[in-house]
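Structure in structure tokens, see below.
For reference, chains read A, B and C in written order, and residue numbers begin at 1 within each chain.
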Amino acid sequence: MVKIFRLKSIISIKDFEREDVEYILDEAEKLENIAQSKEVSNELKGKILGLMFFEPSTRTRMSFETAMKRLGGDGIGFENSGSSSVSKGESIADTAKMFEGYCDALVIRHELEGVSKFISDIVDVPVINAGDGAGQHPTQTLLDLYTIRKEIGKIDDIKIALIGDLKYGRTVHSLSNALGLFNNIKIYLVSPPELRMPQEILIDLNKTNVEYVVADKIEDVIEDVDVLYVTRIQKERFVDVEDYIKIKGAYVINKKMLEGKDLIVMHPLPRIDEIDTDVDDTKYNKYFTQAANAVPVRMAILKTLIKNNPK
Amino acid sequence: MVKIFRLKSIISIKDFEREDVEYILDEAEKLENIAQSKEVSNELKGKILGLMFFEPSTRTRMSFETAMKRLGGDGIGFENSGSSSVSKGESIADTAKMFEGYCDALVIRHELEGVSKFISDIVDVPVINAGDGAGQHPTQTLLDLYTIRKEIGKIDDIKIALIGDLKYGRTVHSLSNALGLFNNIKIYLVSPPELRMPQEILIDLNKTNVEYVVADKIEDVIEDVDVLYVTRIQKERFVDVEDYIKIKGAYVINKKMLEGKDLIVMHPLPRIDEIDTDVDDTKYNKYFTQAANAVPVRMAILKTLIKNNPK
Amino acid sequence: MVKIFRLKSIISIKDFEREDVEYILDEAEKLENIAQSKEVSNELKGKILGLMFFEPSTRTRMSFETAMKRLGGDGIGFENSGSSSVSKGESIADTAKMFEGYCDALVIRHELEGVSKFISDIVDVPVINAGDGAGQHPTQTLLDLYTIRKEIGKIDDIKIALIGDLKYGRTVHSLSNALGLFNNIKIYLVSPPELRMPQEILIDLNKTNVEYVVADKIEDVIEDVDVLYVTRIQKERFVDVEDYIKIKGAYVINKKMLEGKDLIVMHPLPRIDEIDTDVDDTKYNKYFTQAANAVPVRMAILKTLIKNNPK
């Protein structure tokens, strides 16, 4: 039986079933040679991706562009902090309608939650949410899952520590939701008390088979995990900067802590100092691989959506 | 007999004969499938368009880029409010000479009238004027004519109302000149007294067979027209903002006004509030189609000029 | 015997032997038809160049993009005055590692000397230095040499005057070093006393067979040279603006000075007023040709490095 990917647009990881996730990961695997520049593809020749980055995000934008170009297609668009220069005051709906006239699919980054859903509802072409405010960033989650599967060999039966800013970190929210689709998962939620995982995500997790444990320190969990998923703690999150300085060191990973352990270290990047650079040259470092995995995973998404939804 | 397009560059719609206009529109029609991503083209493979946007214009820039990429070519260039970052003080002539060394054709947007003509005179490659100050924007006019012909079936024998800011609106000036090439045209010039069509355009029209009528209100003309061509009225045009507030409402189109009429509504976009969004889902709305028509029309222009003027 | 280009990265012209220079120039010559849009190439189809322009340089960036696109490849990247918007505080090393994950080669422009060397040491893909501070700009030098060879027929046995700001001018430093690889070269170093060629370059020249002569005025050398290589003198280099005004005129080339001479005029561009525009239409003008030569030379570099260093 031929599997079909059900979704027209990729707005939230919550819209995914396990088989939808696996469809994209399997497709990404098949595209590895093209992603790594070992094979040339004409898969999306003549196709154009519209990049609507109302908020700058060089990393995400460039990996989408690379994905499109490796498949023989191309991108157009804008990247700026406000919508002013784009639209001279026109509505987001009108801007999206214009892009629809030019492109085969749209990628949206916006500071407000819900914008990509809104646009997906008014255009016929597929829409991909590349991060909307404190909301979702589903393609990041797919590449995180791809990295786990590729490096550990499976997603079921793993123990993962989510570390750092669990309150505001968009990626750890989406990843927690996605892990709920898999079996026998244990999540350690390691953060300072000020930055605990939000209640609504815990409620989501309670509806799944995921076991989760709240922890204060990396030391408490490091012996038991397959994955350390590290995120940045931003100074700006603290009312009192003294509090930040006090807790900050407790959430830094270094080589010494990792020695003898059987685990991988991931990070959505950019990293500031929450992973010491002495980890870079160890076998634990999977964060640069993870970053490179953006290409095959976004290729899989673009290929699937554009092929399934011809103009 | 094989028709040949005469012009090396597209600077002003006033350089066009009727057959030049029709050449481009016919060519655009043939390129529709490629423009709509239903067919793949290698027509301009390896060719590069130079985008010299001294003034930002995301919409125009993106449709030219899309046109080039759909034909298998590509673009390079800049888009900024001043020329400073491009040229570190070099003359426009030198910048253009540099672009000529890299590209097969140039698209120029500049705040000063005459810049694209000046550049066309000093380089060998074709030059396309994408708007120079209060001057011309000929490719916009070609896509306007393409939209009229496609939606109404002809350009001859139509009645069109040009609405809004007729004094400063570059697109309505170029469109008026172009309509002078066709037969049995009636133009209603609907604007507040402060924003009437300039005398020199009326003098141009007097040399043609176009019949024109000056009007104050949409109501006075709506029963008699095939096309409502709406443009934005900018507050900044009024010395006294009270005058603006007073007249503004009289130039807004809404669904109720249109009911039962046999006409189409066009707008060069961006729209602010001069067309109510309740028109968007009606059969009258042709402004998004018009925006999308930028692609086949600009493809036709690029293909014609680059093929006719090989380096 | 098949010649192989030895270098993985192009960081400094000092890393080149004569045969390395000739390898690139010969390759560029073969690519002329593609560079001039007379032939279409798939040589680098599917390949992606990462453009890391920490400092803006529209001219250099666009010629690299053009080179890549003419060969069937493409580019991604950023161009801004600081690294802030790119990296949100991440290290240059991390940014480079990310680019490595997406791209087949990297081009770096940075205000600090040594950055491209540093990056080349930590990534596996080839790195091209597109200018680092007061340091090197080796691809400019290669296109300068290409222009001399193409216009004069050889690089050996020439007499060249380097004119203008020899103290801070990156291009004249690299070019001097490169000329040291050739035979029977005479260099006239023509500058105001404040802007003499730095001692370390003279020491480099002393180790070669190049004969050099320091001069104050163009008039003193113009009868004896094959090439006038003109650079801009920036007002900002002078403590006392009066000094600038006094000397400035002595370093301007015009048509009258050139009449009857057998020489070519080169300039890395942008030019401000150090070459009068009355030279533009003479046979002496090779500065626009030189600018256009950026394309075949950078094509040769990109093709060579990417083919020699597959991912």
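Following the convention adopted for this analysis, contacts are C-beta pairs under 8 Å (C-beta built on N, C-alpha and C of every residue); 3 or more make two chains touch, one makes a residue touch a chain.
Worth saying up front: this structure is predicted, and the values here are computed from it rather than measured.
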item: Copy pair subunit A, subunit B: interface residue numbering same or different (half cut); value: different
item: When subunit B is superposed on subunit C by its C-alpha atoms, the rotation angle in degrees, nearest 5; value: 120
item: Computed distance of Cα centres, subunit B from subunit A, in Å; value: 41
item: Residues of subunit C touching at least two other chains; value: 74
item: Subunit B-touching residues of subunit C, taken from the complex the two chains share; value: 34, 36-41, 56, 58-59, 62-63, 65-66, 69-70, 72, 74, 269-272, 277, 288-289, 291-292, 294-295
item: Complex interface listing, subunit A residues touching subunit B; value: 45-48, 74, 76-78, 85-91, 93-94, 97-104, 310-311
